[in-house]
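The structure under discussion is supplied below as structure tokens; questions concerning it will follow.
Chains: A, B, C, D, E and F, in written order; residue numbering restarts at 1 for each.
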Amino acid sequence: MTTERTADWAERAVAEAAALTDREAGRLSPEQQVLERIERARRRRPRIRESRVTLAHGAGGKATRTLVEGIFVEAFRNPTLETLDDAAVLCPGVDRLAFTTDSYVVSPLFFPGGDIGDLAVNGTVNDLAVSGARPLYLAAGFILEEGFPVADLQRITASMAAAARRAGVQVVTGDTKVVQRGKADGCYVNTAGVGLLERPVTLGAGHVRPGDAIIVSGPIGDHGVTVMLARGELDIEADLVSDTAPLHGLVAALLDAAPGVRLMRDATRGGVATVLNEIAQAAEVAVVVDEAMVPVRPAVTGACELLGIDPLYVACEGRFVAVVDGAQAEAAVTALRRHPLGQDASVIGHVAADPTGIVLLRTAFGGTRVVDLLVGDPLPRIC
Amino acid sequence: MCLGIPGEIVEIKAGRDDLAIVDVVGVRRAINIGLLGQDQVGIGDWVLVHVGFAMSKIDETEAAATLALLNGLGQAYTDELQALAESDIT
Amino acid sequence: MRFVDEYRDAEQAQALAAQIAALCEPGRQYKFMEVCGGHTHTIYKHGIEDYLPENVSLVHGPGCPVCVIPMGRVDDAIAIAHEPGVIMTAFGDMMRVPGGSGSFFDAKAAGADIRMVYSPLDALKIARTNPDRRVVFMAIGFETTSPSTAMTVLRAAAEGIGNFSVFCNHVTILPAIKAILDSPDLRLDGFLGPGHVSTVIGCRPYEFIARDHGKPLVCAGFEPLDLLQSVFMLLKQLTEGRCEVENQYTRVVPWDGNLRALEAIGRVMELRPYFEWRGLGFISHSALRMRDEYAAFDAERLFDVPGVRVADPKACQCGEVLKGVLKPWECKVFGTACTPETPIGTCMVSSEGACAAYYNFGRFTRQRLTEAVGA
Amino acid sequence: MTTERTADWAERAVAEAAALTDREAGRLSPEQQVLERIERARRRRPRIRESRVTLAHGAGGKATRTLVEGIFVEAFRNPTLETLDDAAVLCPGVDRLAFTTDSYVVSPLFFPGGDIGDLAVNGTVNDLAVSGARPLYLAAGFILEEGFPVADLQRITASMAAAARRAGVQVVTGDTKVVQRGKADGCYVNTAGVGLLERPVTLGAGHVRPGDAIIVSGPIGDHGVTVMLARGELDIEADLVSDTAPLHGLVAALLDAAPGVRLMRDATRGGVATVLNEIAQAAEVAVVVDEAMVPVRPAVTGACELLGIDPLYVACEGRFVAVVDGAQAEAAVTALRRHPLGQDASVIGHVAADPTGIVLLRTAFGGTRVVDLLVGDPLPRIC
Amino acid sequence: MRFVDEYRDAEQAQALAAQIAALCEPGRQYKFMEVCGGHTHTIYKHGIEDYLPENVSLVHGPGCPVCVIPMGRVDDAIAIAHEPGVIMTAFGDMMRVPGGSGSFFDAKAAGADIRMVYSPLDALKIARTNPDRRVVFMAIGFETTSPSTAMTVLRAAAEGIGNFSVFCNHVTILPAIKAILDSPDLRLDGFLGPGHVSTVIGCRPYEFIARDHGKPLVCAGFEPLDLLQSVFMLLKQLTEGRCEVENQYTRVVPWDGNLRALEAIGRVMELRPYFEWRGLGFISHSALRMRDEYAAFDAERLFDVPGVRVADPKACQCGEVLKGVLKPWECKVFGTACTPETPIGTCMVSSEGACAAYYNFGRFTRQRLTEAVGA
Amino acid sequence: MCLGIPGEIVEIKAGRDDLAIVDVVGVRRAINIGLLGQDQVGIGDWVLVHVGFAMSKIDETEAAATLALLNGLGQAYTDELQALAESDIT
């Protein structure tokens, strides 16, 4: 009952190492020759051989270094990151900075139109952009579950790198932890971001005034519905892709066209309704929305109808809400629509004085109602 | 809870005649049509979907009739407005 | 044409509103009850009341399946969910309904394996793919939903799936309507009939309402124009001195209902002698349980259900709200102790619940709303 | 078999709400009175009633806001954070910044001498401090497992707040996600940090020269051993507490005394041995350590002996390694020892030219050997 | 006095080194094998070779339990670990030992439940607290460790713990030493005897080495001065023309060993007719298996063990290294294809393995090291 | 693997005479002493601990003897150095 087999992985490793030929062999003793060869082996660029992440990759030793250099540095390569220092030293050039963080726990990790990687970059870029800053630097923290496929990690870091390039930001520092199987869901990513406030604008709820216009930068809910359907549990199919995108360019276009921008927020978890409630409460105003003006794709409408949810609460990852001086609303929308990410931008409502802290909706049917914060959320882990 | 959504049957599953795919503005889901007669519904029919089951076939003639009635009521209203406007002129 | 948008036209609504106004006798107050929570939701979500004259008011009825679940039944379900190996499955609406000591969400956080499903068939699928677990479906709902549960049990039986069972809380709408009609404080001019329940039971069973209680009923669809038209039809009956059961929702509701669906219910379930409704107390023959033939799929028999009755908080006036006697805001704890975040009564849970709908969507007097919206 | 019970939680909620008495009741209609009372209820400071975190707390709606305002803002209160904007806007005042991130997944969450909260603050403060920066701002990202006790979260945020006060930093922005039960281990915390490089020093591996002194700021391995024993799996007991502490003050004392500091690193995961290897490789020098000079507490030695591990690889969370101009070594150690966190600071070795990238140890026994990077790590999740 | 630090004194080491040097005949090469991997570890960890003259060299023997496990046994253990419900337990050293397709760590990452334990009693505790799981202890080690496994099985039997079993890979040291003595390339001047194995078997069993093979053996302790003193004692025997078994480690090792421990082994285990050793091939009566009386605790009988033999990679020279014929660096793949990160042979895994010890701690010629350290 | 650590017995568990607590420089662990005779070891004795079991009792007399021998060797060496130094002086 004992059969014979060979250990193929070992034969491959041997063949690879044979490539390290001895220079200056003549000059050295046999032991020294071997030791020199080893030093050359040690200096090779680290390469991950495992197909899955193991706890050793999180233990801080050689395996961690291999993971960091073989995957993360490889994907995000830049001189600041490559020092692998405790902190990245940055000289952005002027003083006012924006600083933000978000953890990404989306499930599934890969979905039509994106994955956790570009989500993690775009999401943090967008928080900086809607704060009026030019996004510059990201810090990336990974929490990996033991057993996570290295190929998936490579795919995620590749999207992050591509998204960072697209957004003009650099991943300058990072961190990796590996937790036991069953203590995470494959891969969680945290990104923190630093941006520079170059423009003289000051944004904030304090600037919001009755009469201001409420603008949304594009069709809402694509991301949330896409991810929900991608989980496969609902057995619903639709031709939808996530709207994940970096909004800094679109924001710049808006700020150029309308200096009277009061504040912006990206409408992520909780959707446009949540953002509007936050604005109404922070600014102590009423927000009045005209349902008929809110851009929603038919497939989003269809999926929401099937599931009995309201698109106003569904997350986007590439849309923002802006409050703009009413007099500049038209200029603002014109500028947004000129940009590829803002083609469907629309004035969806206005700011009123009363009742403070409340969002009101003029329904498409011609009625009125309150749009409150949602208590729970039917959509599991969309960001 | 009693949420019912109209959807169009776009496919009936081969070998499982109680399973159909419905389309709601481009969104598709498999639903059970076992509560309707097998010969009662076919591709292109609209059904009312509730918790994954088709509850009834939507009667397009009746739907059109309701709309016509609503239009009629609307027309009556418009006529009235018209009348009002005309009476105003005089 | 997709049988939705056509029935949401604001211009036609205005026309209809004018006709409704024209039908109202000046000075007379009209009070119609929409029996179904789905209607309550539509009314608030679309702001239908804006089209109704001051003297026509809509009263929310007992037809929200989540709203009528007594706390003790929630506790029973949670006790089952905590049994070893159990996966409890439920519709999303059920997750936040409070029992005597927390909701499904709280039980889940405390370690129970509770999963949301879109369809009872999804629960069966979970049973199929987890043969070593015991999967229980928390069945709630009126006649709209009970056929789906019945079909799922029949399918489980046909496939021989032994680890699936149903915790049956299905209720029937007619005894609830009867209870309201029998209520001494009743002051209603007619009913908007539950359109989707009627796809199953048809319109005939409502005839006693018109005949014996002298209240007209119009079986109504769920789009805003459906509801306005149904109100129009009720007013028309009143004006014309008729008192009938009419069907506004003819595109969906056959007069005789769905015989296959009724048959499926009848094969798998039977009437309980009585059942407790939240706020309404025990009502005879108002709910369904599993037949002996399907005992193997009956969670009530498979598990040791504690069966504790939890007294409603003294301040809770859900019963009055469900019967249409009180408006939500008239409940003493409305919006203060009882909010959608921390519901005390069940009417505050589902967005079909009268209190939740009023809190989430209404919460301001019409006048203040209309002023704010400007336009 | 049916017994009666009352829902106590509901009675309590009713009693609390009764406190909202009606002012101006006379002026208003009954419905309006009720609506005014509701608005007052809505404006109360949010309070978490649940004893456990539920998925709703991560869904972005009301429950999330209650969690954020009731726990996080409550703990970290400062004007920047309180805006709850997408990003914190900062004006640190000068240009050169340090930026870092770390995720904390330590198990158990609470251990002698600390918890995940102060670890998360001190760890990031230390990465900034050893980069030569004055730590200023933190971003805090929480990944919570459904069911996590709210009381534990409060305890963690309280330690974070205390640690932040001690370190003179502010938590200015944050994020919360809740994942399904079984998809995390209670609570993971990510902190990103921004600090200001106020001093004219430039630190880095490029400045390291043969002859430089290697200094360690205190006894090593306390944290790693403490956490390992706190897990309880090894049935080993010792009177040890974690060394978690913010090192910015100690670092400042060092930089004041010895401008010839080449570089510093906090010796966390992987311990002093790992840091020294990283220095040797980055600076392309040899590092020579004198084992007898390395401060190790007896209980750390004892536990390491029992488990067959080497204290050089055991994590600290309040110790750093500094490379200092050899001529200033004595001044450096004197300055460190004057600080409460540096009383056992010691020169443990020096930099040599060859063999590059290698750490050598002169053993206490008088022999020599290499100290390599560890492959795996016997210590599970210590940070 | 804690029986550790006293034996690490550098000054005494220098004195001893001088005495050792004085005993060496100029020009003569001395080659002593430390049988035990623990010695190999101590030698490198403390840099003991720095105290030895050029012409005294220490050769690493087969006494590293992890190093002698053949790949097929690792694969067998992983196959058991992947069985439903199994918790595999193992000492930390075992986790990275490569089988034909990956290590325990890899299997864990791929989903097997494999846990590190400090003691076999910890594995038993896991069985006690997880009655619904099957807990297997991956038993490896020489006579130092087999009594602990035996005692644990006896305790499991006494407590009636039915879900605990042992995958027995215990080996015995004498057949391995015999194999080395029988090797045609043998060129050794004496042995440093395995001190901790000897706490169990005592010193008497080594007598055949001196008597039949003419090689002196000193049973040595594990602190650096123990090893230097043992080398001194070996040289002294050679100088004085003696060839005996001596005991340097008298404070710990009784000449007759530990009878209770031997008895425990004997009750639970029996010699296998033969067993494969990594690099050394099949050796008769060189390993233990569970007796029939304890079949209920024998994973080999409880599980369907594939029993596949995996051929060593052609380039692997672990056998020669284990026999002391090759120095680690003389293996063709040392430090290039075979490193502690990616070990091809088992000697590269445990820090007691000759190759790993040399790679991690040595890796430079003495001369270059001493120059670098300066001093 | 054959790692053995000397520890001092500081407690023998009541009711389980095969369980003892050993102390290694202030670090304590419960170990099994069933491989040693029950009357052979007591509190204050030192034992060699391996994978949670006491393998043997440490013989303090023998330990002292070994140290004395080592000291003797050291002394001989010091004497020699001394002699060397003295011979240097002359």
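To be clear about the criterion, a residue touches a chain if its C-beta (ideal position, glycine included) is under 8 Å from a C-beta of that chain, and two chains touch if they have at least 3 such contacts.
Just so it is clear, the structure is predicted and the values come from calculations on it, not from any experiment.
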Counting hops between chains that touch, how far apart are chain C and chain E? 2
Return the chains common to the contact lists of chain D and chain E. A, F
Chain pair with the most contact pairs? A-D
Please indicate which chain is farthest from chain B, where distance is taken between mean Cα coordinates of the chains. F
Can you tell me which chain lies farthest from chain C, using the average of the Cα atoms as each chain's centre? F
Quick one: chain C and chain F, Cα centre-to-centre, how many Å? 79
Separation of chain E from chain F, taking each centre as the mean of its C-alpha atoms, in whole Å: 22
What is the distance in Å between the mean C-alpha positions of chain A and chain E? 51
Within chain B, the set of residues that touch 2 or more other chains is 3, 24-25
Indicate the residues of chain C shared as contacts by at least two other chains. 4, 14, 96, 105, 118, 122, 340-341, 359, 363-364
Please output the residue numbers of chain D that touch at least 2 other chains, ranges allowed. 55-56, 62-63, 234-235, 305, 308, 355, 375-376
If two chains touch, include that pair; go through all of them. A-B, A-C, A-D, A-E, B-C, C-D, D-E, D-F, E-F
Quick check on the complex: what are the chain F residues that touch chain E? 1-4, 6, 8, 24-25, 32, 34-37, 46, 48, 50-53, 55-56, 58-60, 62-63, 65-67, 69-71, 73-78, 80
Of all residues in chain F, those that touch chain D in their complex: 3, 5, 7, 24-30, 49
Residue numbers of chain A touching chain D in their complex, please. 39, 42-43, 55-56, 58-65, 83-105, 126-128, 130-133, 137, 139-143, 172-175, 177, 179-180, 182-185, 188, 190, 192-195, 197, 204-205, 265-266, 268-271, 274, 278, 282, 313, 315, 355, 357, 373-377, 379-381, 383
Residue numbers on chain E that touch chain A, as the complex places them: 71-72, 96, 98-102, 105-106, 108-111, 307-316, 327, 329-330, 333-342, 344, 359, 363-365
Which positions of chain D touch chain F when the two form their complex? 234-239, 298-299, 301-303, 305-306, 308
